[in-house]
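In structure tokens below, several structures.
Heads up, the next two complexes both have chain A, just with different partners, chain B and then chain C.
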Partner chain A sequence: MYLNYLANVGRYIPELLLVVLMVGLILIEATYSNDEKNKKYIFIATCIGLVATLAALIANFSAKGEAIFSNSMIIDPFSTVMKMIMVIGTFGAFYLSSFSKDIYESLKTEFIILAVGVLIGGMILASANNMLMIYLGIETLSILSYVMASLKKNDERSSEAGLKYALYGGVSSGIALFGLSHMFGVLGTIQFAGMAEMITKLDKAQIMILMPSFILFFVGIGYKIASVPFHMWAPDVYEGSPTPVTTFFAVVPKLAGISALVRVTMIFFTVQSPLRVGWIGLMMVMAALTMTVGNVSAINQKSVKRMLAYSSISHAGIMMAGLVLINQIGVRAVVFYGITYVFMTLVAFYITSIVQDKYGNDHFDRFQGLAYRYPFMAVMMTVTMFSLIGLPPLAGFVAKWNIINALLSSRYYSLAIILVLNSAVSAFYYLKIVRLMTLKTQESNETIEGFGFLNQLVVVALTAPVFVLGIFWESVMGLAEGAKIFIK
Partner chain B sequence: MHGLDLLSWILWMPIIGVLGVLLMPKENTTAMKTWALINTIITFALTLVLYAKFDTTVSGMQQAFNVKVPWIPQFHIYYALGVDGISLPMILLTSLLFMLCILSSWTQIKKSIKAYFALLLLLQSTVFGVFMSMDFFLFYVYWEVMLIPMFFLIGVWGGENREYAAVKFFLYTFVGSLLMLVGIVALYFVTGQTDGSFDILALSGGKFTTQTLTMFGQTLSFSKLFFIFMFIGFAVKVPVFPFHTWLPHAHVQAPTAISVILAGVLLKMGTYGFLRIAFPIFPDSAKYFATAIAWLGLINVVYGALCAMAQTDVKKLIAYSSVSHMGFVMLGLAAMTVQGMNGAVLQMFNHGTSTAMMFFMIGIIYERSHHRWIVKPDGSRGYGGLYTALPMYSIIFIIGMFASMGLPGMSGFISEALIFLGIYQRFSTITVLALFGLLIGAAYLLWMFKRMFFGEVNPEVKEYSDMTKLEVLYMAPLCIAVILFGIWPSPILNMMKASVGQLVSLLATF
Partner chain C sequence: MAIDILLTLLTVVFSLMVVFSKKTVVAAFSLLMTLLVIAMIYFQLGTVFLSAVQVLVNAGAIAILFVFVMMLINLEQFQNNREKSKWKLIVSTLTMLVLLGVFALVINNNIEALSVVNLTDNSMKTLFAKLFDVYYLPFEMATVLLLASIVASIVITSHDKAEKLEEK
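Up next, the complex of A and B:
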């Protein structure tokens, strides 16, 4: 038994590395009082830690799926890919934090320590194979996020964001927990596999009892991925939090939530039952609503961060549309979407953050005439915006195309049409930034310090996948294809 | 040169041009312009080679030129190019007009020259892509990518209200093509995700007449629904009433060369879409909706002409005349007879040359006057007596105007006559009503001409200089084209005859 546990540890190295990293960072922070030195070591340690985690994940990817720790966690290609995306997102947010002025210098170490903690929570969520682990994952993720949101201690809006996040989060995870306990009450086990097996044996009346508990469970996850109608917190939190934190929130908790949702969907609803029909209906309505509300609300925003918050809501909606299928084609589309989403989000937030650092706010006007001062950066932002709209030959198009492809493969015409019409709506507000950057004449000649050579290089490196994945997407599609879900 | 390479060379040559422009230093504008010009001349020469090697007796795709390379094998997506009698006139028109546009932009573009020429060449490549793609996915990619350079070309180098025009153009076209995208993917699955599922040729032939689908709880005919979707996608481009409202804005705001490209080539992409995609893939629905298409075409003809009559801005007038003339193309398509279809394709080519002339001429006079009012908003004459002051300009303008009007002996006449011959066999009422469109067309053009060119010489007009050598140089090929193809249209008709005949016989079986 114990030996079994030890053998399992081999598959659990990425998470352990992160734990070590987190502890190490706390120690470094406590050891060096000198700020400069402190910063330098923290930076190096984080880089090493995250790269090592990524390497461990890559090593894990090729191995076949396995349930570890008495079946409480599953390490399969799907969870590994999702974890890789999350690590890349964390790395992006971390590098952004290293030069962002939105976080106080003294708090930068705190930021990364908390971020690693949230990342661990996200990884647990992506691997969770029983109800308890899901709940643990959600809570690890959430509690640290609340702190991160209010990282700007003296800032009123940041504190407001933290409080709002905590209040909404507390309520929704309570509701989810109620749902989970209800499921346990009906099915008598917390193991996913066991529950799925039990469900097939239930009669209709029992399934009717079970249905509300899944809806309650969805509240908890829906809150994490900011699905409508549990999205109200997102714009305020995104706007109020420091920009690196916002970047982090837009990637890690969202994708962690999506991966948990994918797993739950794939485990419980593959068998034909009224439960499946109900879940598909729920997902369809939620996906359509999330896309539409996110897009429509984004149109009239004045703050770019807030606009990106709403846009990320709508992107979550599109990913949810891929869940309606409950088959591997849908999962593949969602994974591919996740990969492209990370890069597009990072570029958009990097440039927004740098512009915001210069002017102290992130109103749309601040982008005016950027193309004349920093043509290269404006091109990158333009490419990202066009990709977010879904124009070929960029990654965003291929991602959306895959989702539409998946939807139509199972003849969900109505949802596909809602999705494309939403793209058209989104074009409206993404074009606003492009328009301001390129079509307006230049407002001033000021240099933006953030666009140093190194940062420009990083932005270009982050945009490169947006280009490449639009044309040569077969290999990444293969990766997404390989992201099979292992059920035990 | 092996045939396989030729289409790819034509398609990628402008991209080589883009790279060259991007690598040149910003200050050296002459080098950039020269490079762009040389590049377009080479492209034009390559298309002439294509024309020389083209076998006019073969209908359908010419085997000698086909290119088919796997792009994303997993989804059966190919980089597939081909050319037939319908696309060849369009390819020739594209390479000709872009070459002339580089010349016209030589002195007219004054800001961000580097970006302008790079985007213009990029646009050329995407337009070629649309006319050559034989893979539906590839077609869609080019169709959409085209929006990006157009958005900037209108938005950055346009007139006063350019932003509004650029965004409107982008959104209209984007919405239309998104519906087409659903159609493309739906076709992919209906045909069983096999090797030919994105192949435009393999999809054609009316294979979807009996399919149905369920959407929002309703059972609908697959063919009819997606015909409507694709119709909207292409109709926005043409533009067919009521999707035409972006066009006057885009035209008026765009710089001269871009107006020329827009009217000369991009509008044809819409009608080309009908000929290549919507009609062959859903012939049954095309037949079913023929009457509706004909009526829409009629509305285009008459309504566009009436709108043109009311304009006081000469560029807007020509923009609405495009709406009217593209209506004739729609009428020819709706006829689905040999004469009608041939007339439609010929009209696509002829309208490309004649309307390009008109826009060039307006650009030339705008360079001198910096306004385009026939009647200024305060009621005074914008021009007047141009005929006395600028003889050379007036002669070329007259040629363009008569070609546009469809005067016998000019290119527009042949195509419109063919269209009327074709449509009369099926819709006699519409034919009679459409003839009024011709009448109004003559009226607004002549009235415009009278107000601008005759009468007392406006004091301002006296200061204008006549056309420069460069301007005459780039107008000359178009003058030759409109007169030559008015007297001797057979080179173009021979090109398209076999391919159009094939399409007509396909439609006749439904």
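Up next, the complex of A and C:
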């Protein structure tokens, strides 16, 4: 048994590296009192830790899927790809935090420690193979997020965001736990594969008992990805939190939730049963609602961060639309969408954060005439916005087209039409920023310190994938294609 | 059987009191009683360890924490007054109906799965053998969560860090 565990550790290196990184950061923060030196060490340690994790994940990718630790976790290409995306998102948020003024100088280390903790939770969620791990993942993801949202302690909105997040989060994970315990009561096991096997043996009445429990379970995940009936927290939390934290929230918990949802969908609902029909119906309604409500609410926002929050809600809806298919094509489309979504989100938030640092708020007006002062950055923002709308030849187009194509191939015409209409609606508010940047005269000639050479370089480097994935998408599509789900 | 029904009824009554009592202290006390009665139900089922943990952690620590917080803050302004709305009524009725339907289905269909789980074999030895064997990873990951939570609680509570940035 013990040897078994040692053998399993080999596949679990990325998570262990992150745990070591987290503990190491705590130790460094506690040991060095000298502020400047401390900051440098923390920066270097985090870089090394995250890059090492990414390398370990890449090394893990080509290996076959495997169930480890008494079948409680699954390490398969799908979970590895999702983890890679999450690590990249964390790295982006971390670099943003290193120069952002939105996070207090004295709390920057704590931000990274908590972010790494949330990342571990996201990784647990991405490869969880039983209900206990799913719940543990949700809790690790949530509890630390509450604190991250209220990191700006002297700011009222940030504290409000943290409290709101905690209240909503506590209630929804309680509801999810109720659903999970109900499933355990009916099926008698917490292992996903065992549960799926039991489901095929149930008769109709017993399946009717399970249906509400799956809905309750969906509440917990739906809250993490801000799907529509449970999205009320998202705009307030996104607006109130410091911008690096918002960047982090828009990527890691969302993708972790999506990957857990993908795994659950692929395990439980591949067999024909009333449950499958119910789940597809639920997903269709939720996806359509999430897309529409997110887009429509985004139109009238004054704050760019809030607009991006609503837009991230609608993007979660699009990814959920890929889940309706319950086959490998849908998974591939969702994974590809996740990869593109990360880069688009990072660029949008980077530029918003830098502008916000300069002016103290993030209203749309602050972007006026940005094209005259920082043409390069304005171009990058424009490209990202076009990509978020889904215009060719950018990455967002390929990602959306993939999902629409998959939907059409399985004859979900109504959902595909809703998706296309939503893209048209989203153009309205994404283009608003572009219009302000290019067509309005500038407010002032001040230089924005945040747009130093290095930061501009980073933004360009983050935008590059948006270009490249739009044109040379085959290789990444191959990566997403290889992201097979392993069930045991 | 009589004791089962009595305990169940008590749980329902006390949990209703948590929600509907006007006074906050009564609500907190009812919460404490609910948790204790649930511990009794666990005991009745033969899960002694779970019952003990329920008393120690939920009733002993959490409910007392509630009462403690109430003593610290001014009670008068936190009277239990909530607005009534039509939507709340509709949603709660709907939820209740669904849960009752599920309950009826459970009774009608004789769900046997739980008989697989051996409730009475819960000596500390078996329990911890499982914890350090099958459920080793969740156990370890919970420690990671706790470690990060310690940092989080320091972030929230430390005045030192907040003061520093006031100066800046």
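We adopt the following convention: the second predicted complex is superposed on the first by the 488 of 488 C-alpha atoms of A that agree within 3 Å, B and C clash if a C-alpha of one lies under 4 Å from a C-alpha of the other, contacts with A are read in each partner's own complex, and residues count from 1 in each chain.
The definition used in the following text is that a contact is a pair of C-beta atoms (placed from the backbone, for glycine too) under 8 Å apart; a residue touches a chain by one contact, two chains touch by 3 or more.
All figures in this text were calculated on a predicted structure; none of them were measured in a lab.
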Chain B versus chain C as contact partner of A:N154, first or second or both or neither:
second
May I ask you to decide whether A:S423 touches chain B, chain C, both, or neither, giving the answer as first, second, both or neither?
first
Taking the superposition on A as described, I'd like to know which of chain B and chain C A:K64 touches: first, second, both or neither.
neither
Between chain B and chain C, the one with more contact residues on chain A is chain C
Partner chain in contact with A:P392 - chain B first, chain C second, else both or neither
first
Partner chain in contact with A:K201 - chain B first, chain C second, else both or neither:
neither
Note which residues of chain A are touching chain B in the complex, please.
386, 389, 391-393, 397, 401, 404-405, 408-409, 411, 413-414, 416-417, 420-421, 423-424, 427-428, 431, 434-435, 438-440, 473-474, 477-478
Show which residues of chain C lie in contact with chain A when the two form their complex.
98-99, 102, 105-106, 108-109, 111, 113-114, 116-117, 133-138, 141-142, 144-145, 147-149, 151-156, 161-162, 164-166, 168
Help me check something: in the complex, which residues belonging to chain A touch chain C?
1, 5, 19, 22-23, 26, 69-70, 72-73, 104-107, 110, 113-114, 117, 120-121, 124, 132-133, 136, 139-140, 143-144, 146-147, 150-151, 153-154, 182, 185-189, 198, 203, 205-206, 208-209, 212
For the complex, give me every residue of chain B touching chain A.
72-75, 140-141, 144-145, 147-148, 151-152, 155-156, 162-163, 166-167, 170-171, 174-175, 178-179, 181-182, 185-186, 188-189, 193, 213-216
